[in-house]
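Below, chain A partners chain B and then partners chain C, in two separate complexes.
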Partner chain A sequence: MSEDFAAKRAGMAHGWLVRPWHERSTQVFLFSVCAALALVTMLHLALPAGHPLHVSAYTVNLLGKYLCYALLAVALDLVWGYLGVLSLGHGAFFALGGYAMGMYLMRGIGERGVYGNPELPDFMVFLNWDRLPWYWHGFDMFWFALVMALLVPGLLAFAFGYFAFRSRVSGVYLSIITQALTFALMLAFLRNEMGFGGNNGLTDFRELLGFDLRQGSTRLGLFIASGVALMFGYLVCRALICSRLGRVGVAVRDASNRVRFLGYRVERVQLYVFVVSAMLAGLAGALYVPQVGIINPNEFSPLFSIELVVWVALGGRATLYGAVIGALVVNYAKTWLTSAMPDAWLFVLGGLFVAATLLLPQGIAGLLAQLRRRKSAKRDEDREALT
Partner chain B sequence: MKLFPLPLFASSGARLFALLGLCACLMVVILGQQAHAQSPDDAALLESLGTGSFNDKSEAINSVAASGTPRAGEWLEAMLDGRLQLAGDGTLVIVASTSGRSLEARAALDGAPMGTIERRELKRIPINNALRVQLRGAIATLDLSAEDPAVRRAAAAGLFGRVDDDLVSLIEARLEGEEDESVRAALERALALPRLERGDVTAIEALRGSQDNAVRLALTRAAQSGDAQMAAAAQQALGEIERRAEINRWLQQLFFGLSMGSVLVLAAIGLAITFGVMGVINMAHGELIMLGAYTTWMLQQWLPGQPGLAVLLAIPAGFLVSALVGIVLERGVIRYLKGRPLETLLATFGVSLILQQLVRTMISPQNRSVVTPEWMSGSVMVIDGLSLTLNRLYVMLFAALVFLALLAVMRATRLGLEVRAVTQNRAMARAMGIRASRVDLLTFALGSGVAGLAGVALSQLTNVGPSMGQNYIIDSFMVVVFGGVGNLWGTLVAGLSLGIVNQWLEPWVGAVLAKIAVLVFIILFIQKRPRGLFPQKGRAAEG
Partner chain C sequence: MKPLSSLIQRDRVFDFLKPRESPVDVRHGPILYLDEVSVSFDGFKAIDRLSLTIDDGELRCIIGPNGAGKTTMMDIITGKTRPDSGEVWFGTRHDLLRLDEPQIATLGIGRKFQKPTVFEALSVFENLELAGAGDKRLWPSLVARLDAQARERIEETLELIQLTEQRDRAAGVLSHGQKQWLEIGMLLMQRPRLLLVDEPVAGMTEREMARTAELLRGLAGRHSVVVVEHDMGFVRSIANKVTVLHQGRVLAEGTMDQVSKDSRVAEVYLGAPEEELVR
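The block that comes next holds the complex of A and B.
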């Protein structure tokens, strides 16, 4: 109780806005992620391989992958939960970030490729190209690839959002257009002529910043980096939501016409938040690719994009931490089911879509909140009974 | 409100039936007369073919060819192949083949089967080379002397490209006596090629615009010949042929575009009802199409050897199967998500995944091929050098029928009226006593059933597989959005034009880029006109 009050008072200094790190929920979230990171690192490093609680390098890698997905889900929740824009094409931003990082890793292979060409990646040699395409220049530098991983999705989101929001495309129309966008990109990236490896994508990566990607320590590092990125992304989203802009965004979600009549430029609010979200998705993709070792046009498929919507829907919209829970739960279930019962996975995924919308409109986060309310109501009752 | 003027239908149906019956009677009478007319003369003619010297036979062949008896072609062909043989009792028979010990034979005179006859009891009618040449000419020109000008025209057209030196004089003789203009033109055309070879400049006139490869070759040769006048004329004719070929290519592309467009219209028209009219986002629409296609496949499995019947039965069956699944979907899921389009989108997407996986586990993850019935395979030649595949034509026709039927349902039936009322003002419609939830159900079932029909049609064009629906869902939404939500005509125009544009772009930039270009175009188009080509007007549009 008193902490809540303190948080409110800290926020008072800026009018009705609250700084994210003063929020109790943010503190809990950051603490849990840190604790989880520390726990996994400890279990991985301190315990011998045979110990029942030992976390293998494979699991660390898997968890790192999940954390990237969680960041992607947070990015989607930002636009869907707080802006009312259901993007069915967020996988495209994720994949673009992934391709940017993949290009850096591809250049990093150098002479160790099958054809031993120091300049050209293997697939270009295979296609008989004699020169690097112009858009591949600069990707031998890590910082450039990282900037591109943020910039390219951001630019695409800006160009797309500029046109879409300006002409007030909203709701289902926007969803379908975003789906068409990622579908078109998938078709484009499937072409060999695009210069991104076509169907096979980019793979056979060796090292990142000089660290061997196949080593356990590199994977642990990437896992921790993903966790840090998730916390960073969460903080960015929270800060955005708590700002004036975020408040307007929520108002746009609930009644965009009224907001427009009040004199706000709705399309600018939407565009700003959309671009931030796309950049976060790009960051997630950039961290994802070195961990799975491949990026191909599959990430662009509409199915992947809509699958990540179900993570958010199941976890609970407009909570951010719900998106994280959803991403972890669904992906854990996917990993487990696709190895145990490969046929059942699509049934489960389909069922999740239906169940999440029909039975759990608030998601797991809503369920948790309900439980908490019930508990506190009971406590109040108890207190009243005592007095 | 009365639905269709049923009594009128009934009476006109009866009239049609009576007319058909009358035609059948007439046919019987005419055929009977023909059968009657042939006997006595024919017997003598046939007799003459089998006897006498080569000179006698030569005359007999001429008189048979000139007689116009319907069996003449058969006799002459059999004689040329050595299949016209003399049986032991002196009658002439035609054997099916000349190899083997016992031969299957039928009477030459009336074609009655005679079972098998031992080879040694038969004697082949001998012919020599001169007779062979004469027979070939006679067979080729036989139909030229038929009564019916249409038959003569077809025979003359059939001669094109097959005229050798022996035939030229024969055909020229026919040309003298021919009165029908179109037949004369066809004969001229048939003669033009050999005339051109001989250096006759006037022959080029008859060859203008022909799409035949032989003509093009001959003209190219002529254009390179030494004769300046000849070369110029041939060059000009070649140019004309090129232009015609260009037009044909263009028409062909238009046809493919229209065909693709009609597939798009079929796939999207159900969506135009569920999404456009009801405002329900059904991402499982593609899977309803797939179910229709699988129904066709299933029926063909149950009715082996009768693919045509199965396809015809699949039309109502596919409609019913998809409509039933649609009903379950509406009652089980969509009803609870009224007014929450984004949730509807997600839930129906889940359903689409389940349906796909269901087909994968219950039937097979592999593609299934549906047999195209005989009357739908092949192609028809519309004009010289332009042939259209029949199955695509049928699908276009089917799309047009479905579209018209839907239009009729929406305009002229009680259901259509109620649907329009409920979409325009739900509360008011309910106040007027319309059961809105029942209308929802029926509309959704109708839209789903039409998706099933699309599946039946698609099964004739593409492979049937569990993920075939996915290929159409984005395109279908694009068509509906492009055409303007809630507007069947818009869907038609949008579907056809998208199909044509796509087909037109494809040879330039490749299939994938064409698709991307179309998607980008629609995305940009929506910016300009967010409510599609034909936006809904009035209060209903504001939603």
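The block that comes next holds the complex of A and C.
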């Protein structure tokens, strides 16, 4: 909480795009991510498979998945931590981005599918469809899929947010309707007639831009791409937060009426930040799908969106890097626990949330800040004792 | 082709060509004009055919017992509540009933809440910066850079509300009185024509009160100020004209001495401690 307001005040003179680069926290974050990417790449490539420090292709893949989750958590923290909009449906934007990428990968299978149809994905052949639905056109091009992975979540967020924020829905009510939104989408995507593979979703992907998805080098590439996307997302959020608009967002979070009487349009600020966040979530989903090899309506499940809130809460709200830490820690614990004690995971997740709320209201990031403060206080004391 | 040719008539000014934000026109009288305004909530008449005019540059105090409709009146002026009937004009040009809160704020009506409302997570400096009279639309806010001129204005305001030393502290850690001043400072940053100030000295010490009175008196003249207050001593110290509200209508209007001699006013305040008026 001990923000350095004097430094922030000095930073207001910079342009909005360069402002984040002047921040110490951003510099540390970017450096850490770059170092982690380099380290994992080196340990994966340079060491022989039997070496104790060797990072296997499986682990690289897993870490890439975590990085996508981290980007999703950053997107949620932007709206929850800095705007006070607790979205319990951010998984929907993530899944939509995932579906857009999944459609591209699906079209890329071509004749190698079980039914060998050069145009139709397997599930459509199975359903006796004779041609592609209109909304599947264009997804044979990568750039189109990528644009859609950003655009579709953005448009949904815009349409949803436009009505919700204009009607001044806030707090618990907004959380509940975001939850309903993702649930409704899950039900819709479960239907075969929707043309997204129904219950099974999209899977059996072969290649991305000509690279074989099963190859270690492709996975490493995707891992690095996820890391770069995370840094990009972090910078986008930071630029927004450091701008005057970002401060208006925090003001909306704490006293939205006051903001209105200052002459700002609260609903537009909310809408804008919400759409940016949804697009980042879509980007995370698009990078996630080629790494896990499947996208199905499960990603729309309300439970996933709630889990996501736990990551951010545990990591620490309104810090961004806290969201990253939370996503990594919880997902590592999940991977480990679901293989060690599969039945215990949900209890642990619930316990984590309760513990985070009661013991760590500022999350892990808050704990770190506290330790740092204590350390510097002690240093000051020592210095005083010396003189 | 008729509509098209009418577009090139050079002697005609189209509505969309007129500047959208015209300045407040006070040449023909008051800056704020309420006429026969009524509003009721679930059958309860909070405001009952209230008429009130505030002159440009005036400092007006509005007093009245609890439930007299003082805060509701402010809600109506600032666009938070829509009246059932009546008219509200800002100058002679702006019908406030057709505008919403941000538009009214941008026109130049600033409002201080009853409970001090500042952005606690932001620093004192940032609070003033956000209030500053810049372009408050989305994109300009995103790319806004603080130039030397704006910085200077914030420093001046900090000086005025005596919070220069606290500029880099979170507004949440200020004392109650300091928060009240910060909120008044935020109003000033908006460069309003009219300030509506709801109970500015609630919970203040004597010294803070004196300082606030000085602040508000300093504002009158350049701004029109409407102060709603319970504290009679404070009202007496700043106002030359007082309006007494009761049950949603104006009961009496005049100088503090005239008003306190009014028998109806005394009656209304009988329920409330009588000495409050005398004090």
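The working rule: the second predicted complex is superposed on the first by the 371 of 387 C-alpha atoms of A that agree within 3 Å, B and C clash if a C-alpha of one lies under 4 Å from a C-alpha of the other, contacts with A are read in each partner's own complex, and residues count from 1 in each chain.
Keep in mind that, in the parts below, a contact is a pair of C-beta atoms (placed from the backbone, for glycine too) under 8 Å apart; a residue touches a chain by one contact, two chains touch by 3 or more.
Every value quoted in this text rests on a predicted model; they were computed, and no experiment measured them.
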item: Which superposed partner A:Phe232 touches (first chain B, second chain C, both, neither); value: neither
item: Partner chain in contact with A:Tyr332 - chain B first, chain C second, else both or neither; value: neither
item: Partner chain(s) touched by A:Tyr58 [first = chain B, second = chain C, both, neither]; value: neither
item: Contacts of A:Arg191 with chain B and chain C, given as first, second, both or neither; value: first
item: Residue ranges of chain C in contact with chain A within the complex; value: 78, 80, 101-102, 105-106, 110-111, 113, 117-123, 125-126, 129-131, 134, 136-138, 141-147, 167-170, 186, 190
item: Chain B to chain A touching residues, read off their complex; value: 281, 333, 336-337, 341-347, 349-354, 356-358, 360-361, 474, 477-478, 481, 512-513, 515-516, 519-520, 522-524, 526-528, 530
item: For the chain A and chain C complex, residues of the former touching the latter; value: 1, 3, 5-6, 8-9, 12-16, 240, 243-245, 247-248, 250-251, 253-255, 257-266, 268-269, 272
item: Residue ranges of chain A touching chain B (in the complex, touch as defined); value: 86, 160, 163-164, 166-169, 171-173, 175-177, 179-181, 183-184, 187-188, 190-191, 302, 306, 309-310, 313, 343, 346-347, 349-354, 356-358, 361
